[in-house]
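Note that chain A is present in both complexes that follow, paired respectively with chain B and with chain C.
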Partner chain A sequence: MAKRFLFLLRRGPYDGLWTKECLDMLLTAAAFDQQVTVLFSDDGVFQLMSGQRPRGAGQRPFATFLGALSFYDVDALFVEMESLQERGLKVEQLVLPVQLVARNDVAALLDEQDVLVSC
Partner chain B sequence: MKFAIQVNGSVFGSEAGDSAYQFIRAAIERGHEIVRVFFYHEGAYQGMAQVSPPDDEPNPVKRWSELVHECGTDLVICISAAQRRGLLDGHGDLQSGEAPVGRVAPGFRIGGLGQWVDACIRADRVLIFRP
Partner chain C sequence: MAVLHVVSRSPWVSPSLQQCLHRARKGDAVLLSSDGVYAALGGSESARMLGAVLADGIDVYCLLPDLEKRGIVPSQLGEGLETVDYDGFVDLAVRLPRSCSW
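Let's look at the complex of A and B:
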């Protein structure tokens, strides 16, 4: 039976290996036909920003990795509204279609899950 | 109750490994089951045989090995996390979980993220110990 996993992505896109490894974990859960929800909050919202141009040698914009989400049918993507606002970002600047969730409603979203992974 | 545990901190870099160990011991003592302990991110360092602090200091790696010896707990180091950090000599054998000789401490095996998801599916509770 599929479980409901929520991955809470809170770190910026170029924070060492961490963010990429969290994405790998999330995609593995999806590949095992689990019900996967993703919530971007805090600096995690920067992962979704369009126009990323990292300068590191051979480094790819993190947003290109997020393209794999649709390949694995992960389409329950949420962004915490206040995290965007606090960073002066607008939903139009994000590379994927997301649902906005108010900070006050995050607890209810987490409550619906079986497994919470804070990244 | 069945627990799946993930450990994300390195050996001496945080309390993550120690807290996980204490929890696991207490849970087993009270009759709970540990489905699997999965070492991910910097947690991959928790199973490195070369960790050798001075004799009068605790050795967390050795303690994990003793846990396997005493309780048969399934300790799995994520192969991709370990390879990214240069912790494995070769590739080992993912099918059998056999670790590359000399690098991985006794009792640990290597495995993929699928084993983490599998443990989550089989467990009643999932706990993650992170730095």
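Let's look at the complex of A and C:
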């Protein structure tokens, strides 16, 4: 039976391998037909910035990893509104279509899930 | 003699920027690198703090390749915050031979 998973991504895209590994878990869950929701908050919203151009050898813009989400039919993507506002960002600047959720409503979103994975 | 302060952590993850700004003084320069460049995003509280130290005679620079990596374009930076490339970083290090990492 499918469970409801929420992945809370709250680190910047170049702050170590945390998010990359969390995405691997996320895509695995999705590949096994679990119901997956993603919430970007805090520095996690920086993962969604368009125009990322890392120069280092072997480095790829983080957004290219996020492109896999739609391939796995993960389309429940939420961004915490206050995290964007605090960083001077607007939803139009993000690479994926997302739904905004207010900080006050995050608890309710977490409440709907069976499993929470946070990184 | 002035100091080059190098801040390399996000202001939302670490208090490094604030700790640095409390100790920098007139004539010093602050260089934002790595996740530290996020502090310069216009409209944020950290960009406002950086604007305030500019008025105190402390120059603030953002490392351009680190901005580009993160998808930040110079027009998104807070007012008065400048960018430097690697050559500019070297010039800063020559002009301010003492540096302090935060």
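Assume the second predicted complex is superposed on the first by the 119 of 119 C-alpha atoms of A that agree within 3 Å, B and C clash if a C-alpha of one lies under 4 Å from a C-alpha of the other, contacts with A are read in each partner's own complex, and residues count from 1 in each chain.
By our rule, a contact is a pair of C-beta atoms (placed from the backbone, for glycine too) under 8 Å apart; a residue touches a chain by one contact, two chains touch by 3 or more.
It should be emphasised that the depicted structure is a prediction, and the values quoted were computed from it without experimental measurement.
When the two structures are aligned on the shared chain, A:3 is found in touch with chain B, with no touch to chain C. Contacts of A:12 after superposition on the shared chain: chain C is touched, whereas chain B is not. In the superposed model, A:42 makes contact with chain C only, not with chain B. Legend: residue contacts after superposition of the two complexes on their common chain; A:87 is shown touching chain C, with no touch to chain B. In the superposition on chain A, A:50 makes contact with chain C only, while chain B stays out of contact range.
When the two complexes are overlaid on their common chain A, residue A:117 makes contact with chain B while staying clear of chain C.
Between chain B and chain C, it is C that contacts the larger number of residues in chain A.
Once the two complexes are overlaid on chain A, none of the chain A residues touched by chain B in the first is touched by chain C in the second.
Looking at the complex, you find that chain B touches chain A at residues 40-41, 80-81, 84, 112-114, 116-118, 120-121, 126, 128, 130.
Residues 1, 3, 5, 17-18, 21, 24-25, 28-29, 31-32, 34, 115-118 of chain A are the ones touching chain B in the complex.
Residues 11-15, 42-43, 46, 49-55, 59, 61, 63, 85-89 of chain A touch chain C in their complex.
Against chain A, in their complex, chain C makes its touches with residues 10, 12-13, 34-35, 38, 41-45, 47, 65, 68-73, 76.
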